[in-house]
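There are two complexes below, and they share chain A, which is joined by chain B in the first and by chain C in the second.
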Partner chain A sequence: MTAVNLLTRLLAAALTLFGVAVVTFALLRVVPGDPIAMMIGPGATKADIAQLRANYGLDRSIPVQFAIWLRHAAVGDFGTSISMRQDVTHLIATRLPATIELTALALVLALILGIGGAVASVLPRRRWPGTALETGNGLLLAIPDFVWGLAFVLLFGVAFPVLPISGRVDPSLPIHFATGFVLVESVLRLRFDILGDVLAHMIMPAMALALPLASVILRSLRGALETEARQDYALLARIRGRSRLQVVTGEVLRNAMVPTLALTGVQFTFMFGGTVIVERIFGYPGIGNLAIDAIINRDLPLIQGLILTFGALFIVINLCVEACFVLLNPRLRHG
Partner chain B sequence: MPNTTRRDFLQLTGAGLVLAGLLRGQVAHAADSDIVTIAYNVNLPAWDPTVGPSAVNPTIQAIYRAVFDQYIGQKPDLSFEPGLLTDWGWNADKTKIHMTVREGVKWHDGSDLTPEDVVWSLQRAADPKTGNPIQSVWATMENFTTDGQTIHADLKSYDPTLFEWMAFLTGYVLPKAYYEKVGPKGFEAKPIGTGPYMVDEFQSNGFLRLKANPHYWGPKPAFQTVVFKFVLDATSRVAEVQSGGSDVTLQIPYEDYDRLTKGGKFSGTCEPVSDIGMIFITNVEPLLDKNVRLAATHAVDKKAIIKRLLRGYGVPIDTLEAPGYAAYDPSIKVPYDPEMAKKLLAKSGFSPEKPVKVKIQTTRGYMPKDYEMIQAIAGMWKKVGIEAEIEVYEIAQHFQLRAAHKLAPFAFYNWGNAIGDPATSTGFAMFGPSSNSAWKTKDLDAKIAPLWGEKDEAKRIAGWKAVDKYIAEEGYVLPLLQYAQPIVFRKGLKVTPNKSEALEPTLIAKA
Partner chain C sequence: MADRSATLDHASPPPRRAGRARRLLAEPRVLLAGGFLLLLLIAALAAPWLAPHDPTAQDLMLNEIPPGWSPDAEPGYWLGTDSLGRDVLSRLIWGARVALFVAVVSAVCAGVIGTVLGLVAGFFGGWADTIVSRLVDIWMAFPPVLLSILLVAVIGSGLTSVILAIVVIDWTRFARVVRAEAMQQRRMEYVDAAVTLGMARGRILWREVLPNVLPVVLVLMSLEMGIAVIVEAVLSFVGLSVASGLPTWGGMIADGRQIIYEAWWVMVFPLIALVLTVLSFNQFGDGLRRVLDPMARR
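== the complex of A and B ==
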C-alpha cells in the first residue's frame, strides 16, 4: 500500500464519517422521542419544559444545532451527555477499552475454534466426521449471539454456577489501573488474580460473541482448505511424504486463509454490533451497554458520539483487514 | 523441584492465580455477612439527584437516598418523618414557611451541614439554568433568611404539596461549599452527601460500591458495604441471585418470583407500590361520546387481568388514587359489567357486529405484561362492540406525544406517585393545562383548578375525592391496577418493602 493509497483511504474514511454524522444527526431529530420529554417530572410546567429545551440547545433550528455540534466535534468535543452529565468523549473513552478487549477475546476464540474446527474437519480420510462437524456448525450458525449468551447464563451461571454472570470485574477487587484495558494491564502488572477474575467475567460474553463468527470461519475455511488441498503443490507435498496434517497446516492453510480473512474482517465489524445486546445481558460496562442506555434516554449527543465511534471502528478494522490481506497475498503486495 | 527455573515458577504461580481467579467469586458476597450485593434493575446515569432524566426516575431514588438526605424523610409506608429538617410548616395565612435544620449532621468529607447548604440547595433547584425538571415547584419560595438553625422564606404562591416535594423527586440537600469548589464535573466524579452510605467505587453500567457513613446522624445501617450490580436484563438478575452472585434482586417476572420463593432457598416480598397502570383517554373522536368511554371502562375485567397475567400480584383500582394515597376513596367503583357496556354502546349505535373503531397505544416490555394486558383488554372490548387497533410505541414516544397532546384515543401508561398526594396523581394526570394530561376539557379543569391552592387540607382532600368521582362517572380515564414490586433475597436477610418502590439499602437487614 503506497503513501498515496493510504492518504486516499484516510480521506475516504473522513468523508464516510462525515456522511455518517450528517445522516445520524438528521435521523435522530426526525425519529419520534424527545430527550426532554424523558426528563419531565410530574410537576413540570410548560415553562419548565421550554427552559430545559433551551438549556440543552434544542430550541434552535436543526441546521444551527448541527453547525454547533460539527464545530465542536471537529476538535474531538462531542458535547455533554444529557442523561449522564459527562463529556461524551470521556464517557466513550472510558467504556471503549472494555468493548475492545471483549471483542478481541471473542475474535481470538472465534479464530481458534473456527480454524481448529476447519483443519480438524478436513484431516480425516472418511467423510462422516467432516459431515458431522458441518452439521454441528450449521447449528452454531443458526443460533444468534444473544441466545448463546442467555444459554450460558443459565448453564454456567445457574445450573453449574462456576462463572460470574454480570460485570467486568468483581466489585470487591480494588483496581486502580492507569488505563481501561484491564485485561492487558493486569498481565503487564503481573496481577494474575485480577487477570483471572476479568477472564472469568469475560469468557461467557466473549464465547457468545465468538460462536457465530467461529462457525462462519469454519465453513468458509473448510471449503477453501478442500479446494487448496486438491492443488498440485499440495499433492506434491503429499508425494514427498509429508503427513496430511503437515500439508494442511504447513502448505495449504496460509493460502486458504486469504478469502477467509476478508470474510472474518467483515464479520468482526458485525461483532461490534452484537456487543450491544450481549453486553446488556451480562451487565458488561462497554459501549454496547452504553448505547442502549443512550437510546432509551434519547441522549442525542451520546448516541451521536457512539454511532461515530462504531463507524470509526468499522473503518479502522477494514483498513487493518486490508493491510493483512496485502501481507498475506503476494500478488497484492507486489502490485 | 530442583530444576524449576524462575520462569517456570512465575508461570506456575500465574496459572494458579488465574485459575483461582476464574473459580472465585460465586460465594464471596453471600458468605461475607458485612456485605450485601443487590442485582439492580436500572443503571445510575448521573450523581446529581436534582437534574437530568435520572432525577425523575423513581427506581434510582433508592441509590440517591443512600448517599444523600432529603429535606424531609419518608417512611416505607409513605408517611413523612424528619429528615435534614426536623421541623417545618406554614404561617397562619400560608404566605410564609419556616424550616428547622438538624444539628450535628456532617457531610461525607467531615464538614458540617449548615442552614446555608439547605438554602443554597433550594435556590439552586429553583434556578432555571440548573435544569431541574420541576423547577417551578421550588420557584414558589423566595426571600430566604436564616435565624440560627431556622430558615424562613416567603411564598410567591401557596402549594399544599411543597413540603411533600421535599421528600420526593429532586428534593435533596447538596453540599454548597464542596459543589462550588469541585464544580458539576467534580461532583459527578466524587459525590458526597450526608446519607447513611458514602460512595466508595462507582463504575457506570458496572457496579456501585458504598461504605457505611460512620458519622451518620440516623440509625446505623445493617451492612458496612453495599454493592449495587447494574444488571438490566431480568433473566440475568434472576440468575444472579440463583447463582449466589447477588443477595437481593427486584423487578423480576412474577413467574420467577413464585418459582424462587416457593423453592425454599429464597425469601421474597411482593407488596403493592405507589405505581399504577392506567389507560389515558384523549378528548378526541370517538371518545367524545360518553357512552363509548363508559363502555370501555365497564368492559374491562381488571381482576381477571391481574389473576391471569400478573399471577395475582396487583390491586385493581377505579380511580388514579391507589389504596394508601391521601385521597383514596374505596366507595368510588367502576364495576366490571359487560352487559352495561353493551347497552351504553347500543345507545350510540354500536354493537359487537357494528363496533366502534379506535386506536390504543401501548409499550411492550416496559412494564410487566403491558402489551399482553392491552391485548386482553382489546379482547374484552371486542366482545361488547369496541374494535381496538393496537399500536406499540416506545416510552420516549409516549412522553413526547403526551406533551404535544397527540396521544391516540387510548394510551397505556404507568404513573408513579411516591408522595401519595392527589395533586401529583389525579392533578397532574387530569388537569388540562398540565403537560402530563391527555383529557383536556373545561368542565374538569373548573373542578380541579380551585384545589391547587386550597389551604384547608380536609377540604382539599375532599375536593380531590369529588374530582375522582366525577372522572369515574364521566369515564375520563381508565385506571387499571396498582402494581406490586417483586423482591427476592437469600435466606438470612430481611427486606422491608417500600411503597415508594425505592429499595433503599437501609431497608435490608440481617434476619
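== the complex of A and C ==
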C-alpha cells in the first residue's frame, strides 16, 4: 500500500463518515416523537417549552442545526444527552473501552476456536470425525449470539452458578485506574485479583459473541485446508518426513488463512453489531447497551454520537483488515 | 438443464417435480424441520382455541408456579406461570403468532423487492444493473445493526417497524443472489429461443426466467424467515417490538431474565421455542437447496 493509496483510503473513510453523519442527521429530524416532550414535567408552560427548545437549538432550521452540530462534532463535541443530562462525548468515551475490550476478547476466542477446530477436523485420517464436526457446526451456525448469551446465563449463572451474570466488574472492588481499559490496565499493573474478576464477567458475553464467528471461521478454513492439503507442496513436505500436524500447522495453514481472514474481517463488523444485544443481556456497560437506552429514550444527540462512533469503528476495522490482508498476501504488496 | 428449458413449453408440466418433492421429504432433517414448522403454524393459527388460558390474564395468587412435573405445580399450568401469574404455555402459543407473522410477512416482502430488483438488474444489464448494484453496495456498506438502530429510532417501535426494518435491511440478500442467477439465465439458449419466437423481453422475464430463479428465492426465503424470527425476538427482548399487551417470545425472555433466579422456566421455554424455530427454518432451507440446486446435490 503506497502513501497515495493510503491517503485515498483515508479520504474515502472521512467522506463515508460525513455521509453517515448527513444521513443520520436528516433521518433523525423527521422522527415523529418530540424529545422535549419527554423531558418536561407536567407543570411546564408553553414558555418553558419554547425556552427548552431554544436551549437545545431545536427552534432553528434543519440545515442550520446540521451546520452547528457539524462544527461542534468536528472538535469532538456531540452536545448534551437529553435523557441523561450529560456530555455525549463523555458518556461514549467512558463506555467505549468496555466494548472494545469485549470485542477484542471475543475476536481472539473466535480465532482460537475456529482455527483450532478446523485444524483438528482435518488432522484425523478417518473421514467421520471431520464430517461429524461439520454437521455439528452447520447446526451451530444457525444459532445467533443472542441465544448463546441467554443459554450461558441459564447454564453458568443459574444451573451451575459459577459466573456473574451482569456487569463488568464487582462494584465492591476498589479500582482507581487511569483509563477505562480495565482488562489491559489490570494486566499492566499486575492486579491479578481485578483481572480475574473482569475476566469472569467478560467470558460469557465474549463467548456469546465469539461462537457464531468461530463457526464461520471453522467452515471457511476447513474447506481451504482440505484444498491446500492436496497440493503438491504439502505432499512433498509429507514425503520429506514431516508429520501431518507439522505440515498442516506449518505450510498449509498459512496459505489457507488468507481467504478466511478476509471473511473474518467482514464478520467482525457484524460481531460489533452483536454487542448491542449481548451487552444488554449481561448488563455490560458498553456503547451497545447505551445505544438501546438512547433509542428507548429518543435521545437524539446520544443516538447521533453513537451511530457516528459505530461508523468510525467500522471504518477503522475495515482499514485494519485491508492492512492485515496486504501483510499476509505478498502478491498484494506491489499492487 | 433439461428441465429448465422445458418450461418454455407450457403445455407439458416440468418433469421430475414429484421426484423433487419425494427427495425433499426423504431427508430426515427436512422432514423433522418441516414437521415442526407445520405444528408451529397450526399452533399459531389455532391459538385462541389451543391456549388453555388467556395469555394476558394475570393472577397474582398464582404467580411463578413451576412447570407441571414439579411437586409445587398447579394443575392446568403445564409450563408454569410468570411473575404476574400468566400462563407460560398460553403465552408461548400466542407468541408463535407474532413470530410467524413477522417471519412470513418480512421474508415475502424482502423477497419480492429483492427479486424484482435483482431480476431487472441481472436480465437487462446496462444502467438498470449499475443503479441496483451501486445501491446494494452502499446498502451493504452500512452495517445492519447501525441501520436497524437508526430505523427503529426513526419510525419508532412496533410490529410494523420491526417488519419494515427487516425488509429494508435484508432485501439486498435476495437482490444479489437473484441478479447473479438472472445473468446466468440470460445467456441460456431458451432465452434466445424466446427472443427468436418474438416474445417481448418483459414477458420472457416474467414467464420464462422468473420460474427458473424461483427455487433460489424459495431457499433464501426459508433462511430469511429464520433471521426474521431472531430479529423480532431481539427487538421485543429490548422492548422495541410490539406493545407489551401482545405476548412475544422475546418479551417473555426479557421478563424471564428479570426473575431468572426465582423462575427459570419463564425464560427457558420461549428460548427453546426460538431455537427450534430458527434451526427448523435453517434446516428446511438447507434441504430445499440441496434438492433444488444440482451443484449442491452430490
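Note that in this section the second predicted complex is superposed on the first by the 320 of 335 C-alpha atoms of A that agree within 3 Å, B and C clash if a C-alpha of one lies under 4 Å from a C-alpha of the other, contacts with A are read in each partner's own complex, and residues count from 1 in each chain.
The rule is short, and it goes like this: contacts are C-beta pairs under 8 Å (C-beta built on N, C-alpha and C of every residue); 3 or more make two chains touch, one makes a residue touch a chain.
What you are looking at is a predicted structure, and each value in this text was computed from that prediction instead of being measured.
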item: Superposition on chain A - do chain B and chain C clash or fit; value: clash
item: Touching partner for A:Thr45 - first (chain B), second (chain C), both, neither; value: first
item: First (chain B), second (chain C), both or neither touched by A:Ile239; value: neither
item: Chain B versus chain C as contact partner of A:Ile303, first or second or both or neither; value: second
item: Chain B versus chain C as contact partner of A:Leu150, first or second or both or neither; value: both
item: Partner chain in contact with A:Ala3 - chain B first, chain C second, else both or neither; value: neither
item: Touched partner set for A:Ala74, first chain B, second chain C, both or neither; value: neither
item: Chain B versus chain C as contact partner of A:Val158, first or second or both or neither; value: both
item: Which of chain B and chain C A:Arg280 touches, first, second, both or neither; value: both
item: Of chain C and chain B, partner touching more chain A residues; value: B
item: Contacts of A:Gly167 with chain B and chain C, given as first, second, both or neither; value: first
item: Location of chain B clashes with chain C - one stretch out of 95-103, 167-175 or 365-373; value: 365-373
item: Residues on chain A lying within both footprints (that of chain B and that of chain C); value: 32-33, 150, 153-154, 157-158, 165, 280-281, 292, 296, 298
item: Residue ranges of chain A touching chain B (in the complex, touch as defined); value: 32-35, 37-49, 51-52, 55-56, 81-87, 91, 95, 150, 153-154, 157-158, 161-172, 174, 190, 192-200, 203, 280-286, 289-290, 292-293, 296-298
item: Chain A-facing residues of chain C, complex; value: 141-146, 149-150, 152-156, 226, 230, 233-234, 237-240, 253, 257, 260-261, 264, 267-268, 271, 274-275, 278-279, 282-283, 286
item: Chain A residues within the chain C interface of the complex; value: 16, 20, 24, 27-28, 30-33, 138-139, 141-144, 146-147, 150-151, 153-154, 157-159, 165, 269-270, 272-274, 276-277, 280-281, 291-292, 294-296, 298, 303, 306-307, 310-311, 314
item: For the chain B and chain A complex, residues of the former touching the latter; value: 10, 13-26, 28-29, 35, 37, 39, 43, 45-46, 48, 51-56, 128-129, 131, 133-137, 165, 169-170, 184-185, 188, 201, 203-207, 209, 227, 229-233, 235-236, 239-240, 242-245, 393-397, 399-403, 415-417, 424, 428, 433-436
